[in-house]
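Note that the chains take the letters A, B, C and D in the order they are written out, and that residue 1 is the start of every chain.
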Amino acid sequence: MILPLDIILLIFLVIAAVLALKLRDLLSATMVFSIYGFLICLIWAEMGAVDVAFTEATVGAGISGALMIATIFKTARKSSD
Amino acid sequence: MSEHLPVIVVLAPLFGAVIVGFFGSRDRRLCFPIALTALALSFICSIGVVHHVATVGAWDYFVGGWESPHGVGIQLRADGVNSLLLLAIAVVALLALVYSIRQDGEKDAEKSPFFYVLFLLLCVGLFGITITGDAFNVYVLIEITALTSYGLVAMGSSRRSRVAAFQYLVIGTVGASFYLIGVGYLYLAVGSLNMADIRAILAANPEIANSRIVGTALVFILLGVWTKMSLFPLHGWLPNAYSYCPSGSANLMAPLVTKVSVYVMIRILFSVFGLGVITENPGWSELVVLIAVGSIVAGSVMALTQREIKKMLCCLIVAEVGYMVGGTWLGDAGRWGLTGSMYHILADAMMTSCLFLAAGVFAKQFGATRLEHLSGLFRRSPWVAGAFTLGGLAMIGVPPMCGFFSKFYLIRGAIESGHWLYIVALLGSSLVNAILFFRIFEIAYFGEVPESSEPFEPSEGEGATPRRYAVWRTAPLLIAAALTLLLGIFNRPVIDLIRGTVVENTGIVSMEE
Amino acid sequence: MQKLFATIAVIITGAILLNAVEDFPRFGDPHSPPNSGVSGGSVSSSVHYLQNTYLDTRVPNVVTAVLADYRGYDTLFETAVILTAGIAVFAILRVVRREDEEESAGSEEKACSGEFSTSDSDGEGRHRVVVGTTCRVVVPLAQLFGFYIIAHGHPSPGGGFQGGVVLGTSFILIALAAGLGSALGRLREDMYLRLACLGVFIYAGIGLLSLFFRRNFLDYGALSGLLQTGGEEMARSHGIFGVELGVAMTVTTVMFALFANLSTRGELKGGL
Amino acid sequence: MMEWMKTTIVPHFNFWIYVVIMMLGLWAAIGKNNLIKKLIGLSIFQTAILLLYVSMGVKEGASIPIVDETMGEAAVDFMAQGGGGAGATAFPINPDLFANPLPHVLMLTAIVVGVATLGVALALCQVIFRDFGTLEEPEILNQIKTIQDDV
């Protein structure tokens, strides 16, 4: 555990979360959501939870994004809010 | 093998699901027998568990053999209440399964193996939640139950079923996550996940038990399970989700999913926090009873406005959940309210199962989805109508039926603890039930047999069904009605078993009537 | 209206949670209740895990051992959740059209024949050269890496779930680069649904074996006679590995099934 | 202000952020109109809970929860020499040197559950889009009102 790194990553995490919810273009929102997943994966690694980090890297930054993009391609790309 | 009964109850449907998934798509005729065998095995095992609990006492089973130190492995625990609930789940699931027998040529026949897989996995979740003794394990099993429910609801043919399923998914996930937050806070305060272990720690350290962390944990666990059981302000998802799903799965979900959530609440209060939280915080328990009263009122009022049979029954579920939550939080010294709630879980599972099976038969056999379609039912099919009448009478609470006895104990608890508002709501709701069901009885008994009754037009979503499957639909209904009656007539042994558990866990001395 | 309600609900929730945060043990405190337990109950399970995992199972990675052995019952249902997701997505989304069956069977065979053939949307053929070549290089590596993760879950981070996702991703990569038909030619639909079920069956079946040795469910130690290992510890280690294989099988297939259904709106034809 | 931050926020910084992210996610899950946005919110909400759990298991100066084999073998030898009893030397594995593995295990399960839910939810989104042609909740609810009585 490295406290300064922890704090910086967490602040980035909040920014990424806000952006992912704020963006109206769903494709960009999904991209930012993948960034969010990758950031949180870094946070797990930094906190010593390597197995969780590994899973989050494959799932949060990988599969979830792919599934969401697949859905967005098959539905609508614009969001009203 | 007999020493493994508690785990076999859960495993039988799991293996059944996997085997159906493996062979079912090759030969669809195999699905039903496999599923039936799996559930029958669960049924037999749960009888064994009940027998053991009734003769020997509570039964602990340590998965993986990790018995000591306590809390390292996962513990299963069967006691007087949840063994009975296991039996009730097995019975209701068997009835729903027999009802839902599919035939070739129906549309989406390719998906029918997967209907059985989801059905059995839902049973796995329900059995597992009931018997587990580990706070986190409950979460995983709640999610199995939830995911299968979303799938089953969305399999309905109405367009609205998909929207209902999506709303159910969002609410259900938030509810389960709240439960997870609560368990997290609890783990943060005591460092254990085993229910019995947490109980011991909280009893030994009053300063932890009274800390803000544990209080917040309780609040969030309760919020989570209340969302899952659709208590009053959080009830919006239930009527849509259950009334638009195919009746085969509604027969399983409507009677059981909410009841099992109620049981989780009772279990958490009972064997994690201790019933002290009810009596030591009279203000809060007063509030919970008020919420329960609100739930009863809301459910009854919504039911009065409905003209669709299934939706009306769904609204009644909300009211029934109010009975059980209120009864649990009455906090009377003799724990009669709690006893009533526990008995009502079983009774309500049986009567809701009976009523939903009847609604399914109405829809499939007579094409009747609304109240006015039922006119002349007694002359058209006296057995179905008779079974529905039994279920309705039980819901109203007419004496020899099981609904009467649970209400009797609930009211006794309310009188002893002085919750008059709850009594008024309970009686008022019974009155509403009486109005609702007698309205149906009137239509069904005195109404004209409609001219076009014989070759009825199948309503959207239910599909035409050949007559030869009628017996598969009617038999479970009749069995459910008979069980509703029997559970009422032979209520003594059931109540004694429940009382035994309550007395053992709360240390009340008096057991006299 | 809905937003206002949401805001109020969220603020109340947050306030309740923050109210309790002040009482939390300090972040990183090694002696907080979860890390070292409190008096009154039995010994803290996390300390027990750290001290005894190697003695009980000979598995250096404590997380793997706890996941698959001590709390294996949870993980069994976690795998069942994955299976449920796969089946539920099939039940919800899959469009089954009988009249198309012959045609789709034909296209599948065509897809099977060519290596990474572009069975659909030929308009962008020239981009496919780059993508297809990259894919041809990366996919075997990704699959090898996936197997490595599964097999190496004992001494290092990883295990059935992570490895399964990586393996599933390799199939998704094929689907993205060469069209879904090409990927489905390698892992057919009835095949992946069966494999998903088989994974859970392997897991539960290994657990069930110990019942025949008069031991509790998922007690891999009972298998020492069957596996011819020196002691119960190594039997547990092997049991964990077998279970991880089951998890990986289910996860691989379900991840691919999710993508295949979602990227074609349940028709399993065409692709993104 | 600085003093307050030092004593209140910094020791619990992870927990404060967890609450903030949880609020963001929950707000989106309930309040957003677009279904995909709801799902992004729901996923963020779930990761917030992961953050709560994993933060509990952190120990200052601790390493990842992998007991390397030399230390493990030392422990085996220790136990073989009847170590538990007299305890002349300390047990070779000091739990303070490793992060708490239990929250990690629990959260692995929770991540898996999260992705399973996401998959099912996205499938529902596509079916809803196929039926209604939109993913905006108010429009869907409007359309539902018009088909109220066709069942």
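Here is the rule we go by: a residue touches a chain if its C-beta (ideal position, glycine included) is under 8 Å from a C-beta of that chain, and two chains touch if they have at least 3 such contacts.
These numbers come from a predicted model, not from an experiment.
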item: Comparison of A-D and A-C (more C-beta pairs in contact); value: A-D
item: Centre-to-centre distance between chain C and chain A (centres being mean Cα positions), rounded to whole Å; value: 19
item: Distance from chain D to chain A - Cα centre to Cα centre, in angstrom; value: 13
item: For chain B paired with chain C, centre-to-centre distance based on mean C-alpha positions, whole Å; value: 31
item: Chain centre separation (chain B, chain D; CA means) in Å; value: 29
item: Multi-chain contact residues (two or more partners), chain C; value: 17, 22, 24, 28, 32, 34-36, 45-46, 49, 61, 63, 67, 71, 74, 78, 81, 84-85, 88, 92, 157, 161, 258, 262, 265
item: Sites on chain A at which at least two other chains make contact; value: 1, 3, 50-51, 55, 59, 63, 67, 70-71, 74
item: For chain D, residues that touch 2 or more chains besides their own; value: 13-14, 20, 22, 26, 30, 33, 55-62, 64-66, 102-104, 106, 108-109, 112-113, 115-117, 119-120, 122, 124-127
item: All chain pairs that touch each other; value: A-C, A-D, B-C, B-D, C-D
item: Sites on chain A touched by chain C in the complex; value: 1, 3, 50-51, 53-55, 58-59, 62-63, 66-67, 70-71, 73-74
item: Parts of chain D lying in touch with chain A, wherever the complex brings them together; value: 10, 13-14, 17, 20-21, 24-25, 28, 32-34, 36-37, 39-41, 43-44, 47, 50-51, 54-55, 57-66, 99, 103-104, 107-108, 111-112, 114-115, 118-119, 122, 125-126, 129, 134-136
item: Chain B-facing residues of chain D, complex; value: 22, 26, 29-30, 35, 38, 42, 45-46, 49, 52-53, 56, 102-103, 106, 109-110, 113, 116-117, 120-121, 124-125, 127-128, 131-132, 140-141, 144, 147, 150-151
item: For the chain C and chain D complex, residues of the former touching the latter; value: 2-3, 5-7, 9-11, 13-14, 17-18, 21-22, 24, 26-30, 32, 34-36, 45-47, 49-51, 53-55, 58, 60-63, 66-67, 71, 74-75, 78, 81-82, 84-86, 88-89, 92-93, 155-157, 161, 254, 258, 261-262, 265-266
item: Interface residues, chain C side, partner chain A - complex; value: 28, 61, 63-64, 67, 149, 157-159, 161-162, 165-166, 168-169, 172, 255, 258-259, 262-265, 272
